[in-house]
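What follows is a pair of complexes built around chain A, which joins chain B in one and chain C in the other.
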Partner chain A sequence: MKRYDLIVVGAGPSGLSAAIEGAKRGLQVVVFDENEKPGGQLFKQIHKFFGSKEHKAKIRGFVIGEQLLKEASELGVKVVLNATVTGLYMDKELVVKIADTIYHYKGDAILIATGAAENMVTFEGWTLPGVIGAGAAQTMMNLHGVKPGNRILMLGSGNVGLVVSFQLLQCGCEVAALVDAAPRVGGYGIHAAKVARCGVPFYLSHTIVKAEGEECVTGVTIAEVDKKFQFIPGTEKHFDVDTICLAVGLSPMSQLLKIAGCEMEDNPKRGGQVPICNEYGETSIKGIFVAGDVSGVEEASSAMIEGRIAGIAAAQYLGYIGIEELEEKFEENKAALEGLRQGMFAPENRGKLIERTEEGIPVSMNLLTKGYIAEDEIERYPGVTHRAGIHPVMECSQNIPCNPCQDACPRHCIQIGSHITSLPVVDESAQCVGCGLCVAACSGQAIFLVQEDYEPGYGTVTIPYEFLPLPQKGEKGYGLDRSGQRVCEAQVMEVKTAKTFDHTNLLTIRVPVDMVGKARFYRKSC
Partner chain B sequence: MQHINDRAIAPGTFIPEPDDNRIICRCEEVTKGEIRRAVHEGMYTITEIRRYLRTGMGLCQGQTCARLVKGIVAKELGISPAELIPATSRAPMRPVEMKVLAKEEGRHV
Partner chain C sequence: MSRRIAEHPILGVQEKGEKVTFLCDGEILEGYEGEPIAAALRAAGIMKHRYTKKEHTPRGIFCAIGRCTDCVMIVDGKPNIRTCVTPLKQGMKVQTQYGVSPKPFEKQ
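And now, the complex of A and B:
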């Protein structure tokens, strides 16, 4: 039996963050992960993260994963892959299956960071090949380079459903519809808007009646549901699809903690069976810690902070640091965590209808039901302004903790202020130079550069563009509005790519002047 | 939350439903109807259901169906799923071949 100061189970965002903090304080740390690649869900996240600098905002998830791995390895953390922890016993003994052998380890402290597993819903035909979890689709696309299907229906409008739908589009799939039994879009409006302007129709208050096909999925029927989630007869809609993705929530994978005898609770707000733990993530068994989704389903940014706290707490538990250092670091991390848990999507607001922003502006109801802000709603947001010359238009309409746009502008045209969830405001006195750094910096792809007076009768719109192949300069195509409908002819005036844009390309299209407020996407053919 | 282990609950008579033949536990091919019927036959806890029908005992170890089975049993008993004692977790957490289990302690990594 081999002994380590700290044994971490799960090499995802929280596990690696904990390992780093432990190793920094002199602990000998090993991380086991059952997968062949480390990083947990991080390596599947190809989009830019939200938050502020301290939360690694505007960095793509997989890059954060690479950074964490590098830091861990520099600190001497051993990451063992294809290593399945099959049991956690008395006195912190772990049984690990590596290749075809069973090994025994003992940790003076243990951190369980096993994450969560996807939930399923059942309907007629749900066991047909072609019905997959949204996370599975993401694994196929982003880890293995395999296209999950050609025509896909997505069930679930939370951030997972929205983000994966967009990634499916990026991967060249057609998303036939985005469906959710809830009456309102559950995820960030900006994620919904990205998907909607590509022409994906949203069906809220709808769910799947049945998956069709004999050997595999060949189609799907959805129908509207009433307030009690009962199907309304006569509202059925059919789609020819070969794949159905389910993004209906996650459940913590907390079995190891139960095996170990940690006190557990069934807490629907945290996603299911979770350990009872203190503010440092320590469970009812001294020296066994938890962090990330296994202790309550949230997202990667908060998982990293929880991991840091638990790693530092483990160091204190083992006597490598004093209580003062733990308390001081805890306060810092707690502030960062609270920063992420603010705004409309804060945990306490889950499921609630919020009708006004913190600024008192009515929330776009069209965004919540159709996935995009309607024409008659867009002008109410402070980021949407009109002026001569090129200027940013920020279609950021919900209070989410995110602020990279204000740091991106070299001319300080964009202000969010000290309150991280505030909507971005344009400083009318600052002169935009049209550099496009804000467009590329916005993790939600919600900033556009607009020039209404480009030439007589025409204006330009610069849109963030993350699809390949890139359109060619001079190419003619069509401008699509926020709902993905073709509204005008458009010509590509410029395609900008730069290292600082980090793969968010800037596409400048010329459109009739009355379309500069409408055209938000470009397609060569419709 | 109070856990239910009340043998006095009377779930009433079993009334067939149109989707009773829908498979819920894919690994062990157990249908919704079988789970519902088991409740009427006196299996009120997840442990009993598991031993009676083998739900959640297959390859995925209930990763997919545990939540679904719990929902069906709770509904049949007219209680909230949170009131049901969850299934016991046991090692090995993941399926391990017997020949591997028998091959302990190689060279440490």
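And now, the complex of A and C:
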């Protein structure tokens, strides 16, 4: 039996963060992970993260993963891969399966950061090859470079369903439809808008009737559901697809905590069976801590902060630091965590219909049912302004904790203020120079540069563009509106690529002047 | 290998191991050393990994992270190998699994 000060189970964002904080304070730390590669789900997250600059906003998930691994290894944290922890017993002893051998370890403190597993739903034909989890799609395309399918239907409009749909489009797959039994889009509106403007239709209050095909998926039928989630006859719609992707939520993988005898509760707001723990993440068993999705399904950003808190608390539990340091660090992290848990998508708002923003502006109902803000709704948001010359138009309509746009503008044209969930406001007195830093900095790709007076009869729109092949200057194509419909001819005037943009290219298209408020995506003529 | 993503807008050209060949139900296929067997199969357009013992219905990749065991196949003679987490090697012999046998049910 080998002993460590702190044994961490799970090398994802929370586990690595905890290991880092523990190791910084002198603890001997080992991290076990059942996967071949560390990082948990971070290496599949290729979008820019939300939040504040201090908490890795606008950095892509896989880059955050690399940073955490580097920091952990520099601090001497030992990460053991292909190592499945199969049991956690009395006195914090645990057993780990590595290759074909079971090893016995003891931790003076234990941190369980096993994350969450995907939920699934059943329907006729759900076992056919071609029905996959959204996580499987991410694994195949972002880790292994293989398209999960050619034409895909996505079930689930939470952030996972929306983000994975966009990633499928980015790797060249076609997304036939995005479907959810719920009456409203569950994830961030900006994620939905990115998918909708590429032309993906949203079917809310719809779900899958059956997956079709003898040997593998060849199609799918969906139908509308009523308020009691019963199919409404006659509303069936068929799509030819080869893949059906399920993004129907996550459940904490809390089995080890149950084995250990930690007090558990069934808490739907936290995603299912979760351990009861205090503010530091300590469970009912002294010295056994939890962090991340295993203690309540949230985002990776909050998982990292929870990990930090639990890692510091483990150091205090073992006597490496005093209670004063724990309390001081806890206050700092708590403030950040509370920041991330504010706004419309705060845990306590799960499933609630919010009709007005914090500013009192009506929420776009079209965004919640179709995935994009309608023409007659867009003008109500403070980021959407008209003026002479080039200027930003920020189609940010929901209160989410995110503020990189504010720091991005060298001229301070954009203001969010101290309240991180506020909608961005344009400072009319500051002069936009059209640098596009805000367009690239917006994790939600909701900022556009608009110039209505480019030349007689024409204006320009600069859009964030993360697809290949990159359009060429001078190329002709079409402007697509927020719903993905072709609305006008468009010519590419400029394509800007810079290291600071981090793979978000800025595409400037020239469109008829009456289209500058409508064209939000570009597609080359076939 | 049309299902391979040649260049990704964010991830660029993904690093892969050496190109290798392997056998799937007697057919010679190409893949990259170290990638999961399942990734090489999906890239080659193969969707079915096994048929269930009781109902004889087909299964393929579902979770792709070694959790659900839907994608198990016979690899180098050993059944129930999770192809989504087993690295591909040159010359591997991969077979569709019928129940736990490489033989189709009518021949069992």
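Everything that follows uses one rule, which is that the second predicted complex is superposed on the first by the 525 of 526 C-alpha atoms of A that agree within 3 Å, B and C clash if a C-alpha of one lies under 4 Å from a C-alpha of the other, contacts with A are read in each partner's own complex, and residues count from 1 in each chain.
The criterion applied here is as follows: a residue touches a chain if its C-beta (ideal position, glycine included) is under 8 Å from a C-beta of that chain, and two chains touch if they have at least 3 such contacts.
Fair warning: this is a prediction, and the values are worked out from it, not measured in the lab.
Q: For A:A117, select first, second, both or neither according to whether it touches chain B, chain C, the two together, or no partner.
A: A:A117 contacts both chain B and chain C.
Q: State whether A:T101 touches chain B only (first), chain C only (second), both chains, or neither.
A: first
Q: Figure out whether A:T127 sits in contact with chain B (first) or chain C (second), or with both, or with neither.
A: both
Q: On the A-aligned overlay, A:I259 touches which partner chain: chain B = first, chain C = second, or both, or neither?
A: A:I259 sits against chain B, while chain C stays out of touch.
Q: Going by the contact rule set out at the top, does A:S251 touch chain B (first), chain C (second), both, or neither?
A: A:S251 sits against chain B, while chain C stays out of touch.
Q: Look at A:V85 in the shared chain and tell me whether it touches chain B only, chain C only, both, or neither; answer first, second, both or neither.
A: The answer is first: A:V85 touches chain B but not chain C.
Q: For A:M141 in the superposed arrangement: first (chain B), second (chain C), both or neither?
A: second
Q: Touching A:P268 in the superposition: chain B (first), chain C (second), both, neither?
A: first
Q: Based on the superposed arrangement, let me know which partner A:E34 touches: chain B (first), chain C (second), both, or neither?
A: Once the two structures are laid over each other on A, A:E34 reaches both partners.
Q: If I apply the document's touch criterion, which positions on chain A are contacted by chain B in one structure and by chain C in the other?
A: 34, 117, 127
Q: Show me the residue ranges of chain A that touch chain B in the complex, using the header's touch definition.
A: 1-2, 34, 78, 80, 83-89, 95, 97-98, 100-104, 117, 119-120, 122, 124, 126-127, 251, 253, 255-256, 258-259, 264-266, 268, 272-273
Q: Which of the residues in chain C come into contact with chain A in the complex?
A: 3-5, 7-11, 14, 16, 35-36, 39, 42-43, 47-49, 57-67, 70, 84-85, 87
Q: Tell me, which parts of chain B touch chain A in their complex?
A: Residues 1, 19, 22-24, 26, 32, 61, 63-68, 81-82, 86, 88-94, 96-97, 99-101, 103-106, 108-109 of chain B touch chain A in their complex.
Q: List the residues on chain A that touch chain C in their complex, please.
A: Chain A residues touching chain C: 34-36, 46, 60, 62, 117-118, 127-133, 135-137, 139-142, 144-148, 150, 170-172, 215-216, 466-468, 503.
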